[in-house]
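There are two complexes below, and they share chain A, which is joined by chain B in the first and by chain C in the second.
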Partner chain A sequence: MTGLRATLAYVLRQPSGAVGLVLVAVHLLIALAAPFIIPYDAATQNAAAILEPPSLTHLFGTDRLGRDVFSRTLLGGREAMLISTLSAICAMAWGSLLGIVVALAGGLLDAAVMRVVDAMVAIPWILLVMLFVAALGSSTAALIPLLGFSYGLSVVYLARSAALDFVARDFVLAAQVRGESRWTIAVKELSPNIRDSLAVQGAMQWSWIFLAVSSLSFLGMGVAPPTPDWGQMIADARGIMRTAPWTVVWPMVFLSSLIIGVNLAVDAWAKALGIERLGRTPQS
Partner chain B sequence: MLGLIVRRAASSLFTLILISVVVFAGLEFMPGDACTAHLGRDGKGAVLEACRARMGLDAPPVKRFTQWAGDILRGELGTSMQREKPITEIVGWRLRNTLVLSAVAALIGIPLAVLLGIIAGLRRDRLFDMAASGTALVAMTIPEFVSATLLILVFAVGLGWTAGVVTIGYKAPLLEMVSAAFLPAVVLSMVLAAHIMRMVRASVIDVLKSDFVLMARLKGVPQQQIIWRHVVPNSLLPVISVIGLTVAWLLGGVVIVESVFNYPGLGRLAVDAVGDRDLPLVQAIALLFGITYVVTNLMTDIAALLLNPRLRTYRA
Partner chain C sequence: MLRFVIAAAVISGAVTFTAAEAAAEKVFRRANDLSYGGKESLDPISATRFYEVNDMVYSRLVRQDDNGEPAPELATAWTSNDTATEWTIALQSGVTFHDGSAFDAADVKYTLERIKDPALESPLASVLDFIERVDVVDPATAKIVLSKPHAGLPLLLMDYRVRMIPEGSGASIATTGIGTGPFKIESYDPEGQTVLVANEVYWEGSPKLDKVVFTAIPDSEARNQAMMAGQLNFNTLTLDQIPQFKDNPAFSVQNYPAGGWFGLVFRTDTAPYTDARIRKAMRIPVDRAEMMKLMVGEGNGVTGCDQPVKANDPFRAPLDCPPDPEGAKKLLAEAGYPEGIDIEVHTADLEPGMVRFAEVYQQQAAKVGIRVKLTLAPSDGYWDDVWMKVPAAITSWSARPADQILNEAYRTGSAWNESYYANSAYDQILDKARATLDFAGARALYQEAQRILFEEGGTFIPYQQNGLRVLTRDVQGIKPLDEDYIRWHLVDLIPK
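Presenting the complex of A and B:
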């Protein structure tokens, strides 16, 4: 296992990795700095400036309510990023814990848990999440545990198979013979070995959750107005894209470049660590 | 062989039972029930009691579950709250439309993906591979609602070739439905094709490194024959079971894509049902999606077992 600096250098040496990392860095910077650099309040409507094309006063033009598209676009990723980050942490925490535990325990517990997880994966979670949102109203607080739970299911598979690669190795057997507790073995022997693949998986989960949040916002069930969000902006502007394409193009550019950037960077990172990158999980 | 298939089918059956329990229990954990959701603010006092009695919600959960599951086994999916019609009636045509959409997407996506994957794998790290793999990465990462909006922007708004949204009714004849499904299917097949292409490519690269390909080379088999007789068939085998998994993905995408294109299928019905807080309908659709996923996976696994004798020695 190489150090962080060496890994970073490897990622930057690959053209796609460098592009991805730069895209992610730019997006992070924009998301953090947005509240200080936006020229207009994102929610303020201006009846005198409806659907204005891009100009020096409104860099990206204005939308159908006269709101400044530039300000809204800069702010539009923040809420979804926050939700994705918290949900991904939640998913990784319970998913990898359960995966490692069943891998170590084996036998009946392993079989029973995995059978239940198999069934859970077959359920279209987007429908259940939508249902909960419809019942509880769209709120960040409700989305995080829901997404964290449903996206943790695939983490269970990954953590389990990653841990299974090591449970039969000599150093784990040695620890068992020494009489170490299961907890110590999980923390001291297994975790350092599967940390890398879990970290890569966590970054992937983040991007899939981000897609899910944006899609929910697009359907009107994710980030609620007045907080601006790219998915919500695209849904809002779809009806008028024939006459005012600038209202829909910019959120699309920002959303796509963030997701592509994350994926390029994660691909290069996985390659640097020598890990097979995993595909998009079924339920996303 | 037969034993393996029976075991696989039994585990699918078990999965189906678990799915029905989860779909049922998911709603039990929610605050309120089908009646409070449907009635909204009016849901109190006698009205609520009447609704609960009508829907049989006053019975204990276990009894309601057996009732619900028994109805499903008889082919009855319950009654929609909003539409006040049997769900089977509402769902039937739309299920056909969604199947048409998925079939068109699979017909576009899978052959394209297999072809591109083989070529990219054979020419690893050359220009074609880099272009195809790069495109695949973009195609599989961009959310469906963005690519759909982009396609509408280019083909409907820009070029004026097609209508942006589907305007035909949900009972339209099959042929009209197929042509209406084209643009939505392109969006769905992009994600599908990108994922399968990456799998095929990786699999081709794996097989090229195998001993039997080296053996064929050493005994002087011509390159074309190595590729078409040895590499391609062997690299497609592992992909078969992956195709089953991507169906789940297709189903998730269907919800979004149908809403964007206003396509009259199950996915849009699901969004409408959620909007109407029609819990029995959402429950039924979630169950249908789960069944589709399990059945497709069972079929692809059996196909893989039939086509690939090596899998038969492993315990399922």
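Presenting the complex of A and C:
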């Protein structure tokens, strides 16, 4: 735990890290508290209050259906956060497992699996996801495995290369000589050594997946109404950006501050752990 | 993007040109939206017809007067036999095509018989397939012979696509645009500029404008900017765009009855919508006035009771349907859903408002325990993969006259019968209406058909939407009416 506290202290000492962490904390707080603090039901339409500018009655104004933009904005990140968290866990789980397995196995299996992964990475994620959404329909339940699969591909690279750094080391060889199973070696010898890199990668994956979910909602394939969502709010209000800017500005501010916050915090965290953060692969 | 850059370059070039020529020439500028990606065709019956241009270069036999009723254009009079199977059409004399050839009954025969040509796959074929043949009685008289009686033929001849072309011109008409209209094609390039010049010998009098220039601008926001900058004289708008023009003295905004509509279609052949009580329960709880207010704003449309017929159509049924949540609950309970019902509705972000329409319905229906799960399908391929496939989906239609839409979308087995409605009594009423020569009699029958649809149909149509356009202040002669009502030879530019 001292390790975690030291890392946290290091992150907070860096201005960008502190800003990032605060942004993330505020967003988490809002997401958790939103249902209890919103002044209006986010789905209730009001024909008598269409496109009202911000006022004391409606802090962020109202949208084209007379709904309260403040309430919608506070709630608008929750569903995407949930999807991103579950998808990121899914991506990290299968991606790291496969990466470590092929790193340990080496040879033909490694080569074969990695060529398949290369080929999959060549397909833009959005095409892949759109293909499946078209076939299966859009629902939270379908999005999580889809995004988890598609974002897990880049995790395979990271986990494999991180593991490869260690497979030839003496302590791994010693374990092999002791006759320990591959599974034991992966869990006991390799995992503790690559855990930090994977954790940083996981946090980055989360923010990329969050952007992906927002993009899908913007395109009408993500979070479905009446659940409010930032991407969906921006898509709906983009045509009236000039005449009713309040409908589009707030979801934009919330979305970008969350993503920026996560990135700043993760950068500082990676620095604290002494690891280079993996750059975005073409997949992302 | 590239197209946008080209369009912008073309416009700025055009503006320089205007400054020099303005005094000498009256040039009316419009934009086309490239929604067919450059396949915009001067063939009036093509599925990708360039209708904005075609309206100006061709004439119909029959056009609508300001009230939407048939009025003479190239036809001076029409009469049918007692059974409405043969229509005799008297034609304007002294009318010439842009190539100098005379317009006569042979051209009418050629134009109307061509619509059925299976090779052309014209969307009009499904509307006018009962025209068996056209006989040339003499050069100024054509006789249209029908395979089934139809008293409403003149209404269908008013269709914006039934435009006269010269006999034998089918192979070249898509690029020549030779018609009898007030403007002639000077150059045709749907991806760049299409230039029309006045037809000085137009049979109703020489047009007041010298030229009409269409510039391709695919992006609606870019069209708006061009309008703002004074580079266009005429543009159609969506409701959100009005505030930018409304209080600006350089422009006038027109709000006119157009009749396009969104609807929610329940497939009558799929459970639970096979039960007419459930279909009605889905439609009657909605506060249609509020829905219209939320969607398009008050005064920008006409609420209705699921009539698909355009708002100013003489055959539209005058129905009244205030929200009836109690009635809906009762119907649901009778049909076995006393605790409400879960349904799934498909929509797509295809046209502005199509998702919002479903969201408003979702809220309205929740009042009576209809719990709607909204599924957003990809826009791409929506009309192929989702519409008419899933049990309930949002639909979108442009305005159509009574006989056309009541047959096209509700007659048993017709290709675009989106609710799979099958009711032989309904079909017989339409047959009878077509065969009824007397206007009041036909109207009673068409209205009866719409009443049946309200009672047991599968399509929810809360309102018909108005059209919106913006004109520069110097434009004269365009009434607040739909596009195909405009008499282009009377349009003028008078600087103020």
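Basically, the second predicted complex is superposed on the first by the 282 of 284 C-alpha atoms of A that agree within 3 Å, B and C clash if a C-alpha of one lies under 4 Å from a C-alpha of the other, contacts with A are read in each partner's own complex, and residues count from 1 in each chain.
The rule we apply is simple: a contact is a pair of C-beta atoms (placed from the backbone, for glycine too) under 8 Å apart; a residue touches a chain by one contact, two chains touch by 3 or more.
Treat the numbers as computed from the prediction; the structure is a model and nothing was measured.
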First, second, both or neither for A:252, with chain B first and chain C second: first
Greater chain A contact set [chain C / chain B]: B
Touching partner for A:196 - first (chain B), second (chain C), both, neither: neither
Partner chain(s) touched by A:65 [first = chain B, second = chain C, both, neither]: second
First, second, both or neither for A:242, with chain B first and chain C second: both
First, second, both or neither for A:52, with chain B first and chain C second: neither
Touched partner set for A:219, first chain B, second chain C, both or neither: both
Which superposed partner A:130 touches (first chain B, second chain C, both, neither): both
Which of chain B and chain C A:116 touches, first, second, both or neither: first
Intersection of chain A interface sets (partners chain B, chain C): 130, 133-134, 219, 221, 235, 242
Residue ranges of chain A touching chain B (in the complex, touch as defined): 16, 115-116, 118-124, 126-128, 130-136, 207, 211, 214-215, 218-219, 221, 231, 234-235, 238, 241-242, 245, 248, 252, 255-256, 259-260, 262-264, 267, 279-280, 282-284
Residue ranges of chain B touching chain A (in the complex, touch as defined): 11, 14-15, 18-19, 22-23, 26-27, 30-32, 37, 134, 137-138, 140-146, 149-150, 152-153, 157, 191, 195, 198-199, 245-246, 248-249, 251-252, 255-256, 259-260, 270-271, 274-275, 277, 279, 282, 285-286, 289-290, 293-294, 297
Chain C residues within the chain A interface of the complex: 221, 238, 240-241, 243-244, 290, 293-294, 297, 348-349, 352, 355-356, 358-360, 362-363, 373-379, 381, 385
Chain A - residues contacting chain C, complex: 43-45, 47, 50, 64-66, 130, 133-134, 137-139, 219-221, 224-226, 235-236, 239-240, 242-243
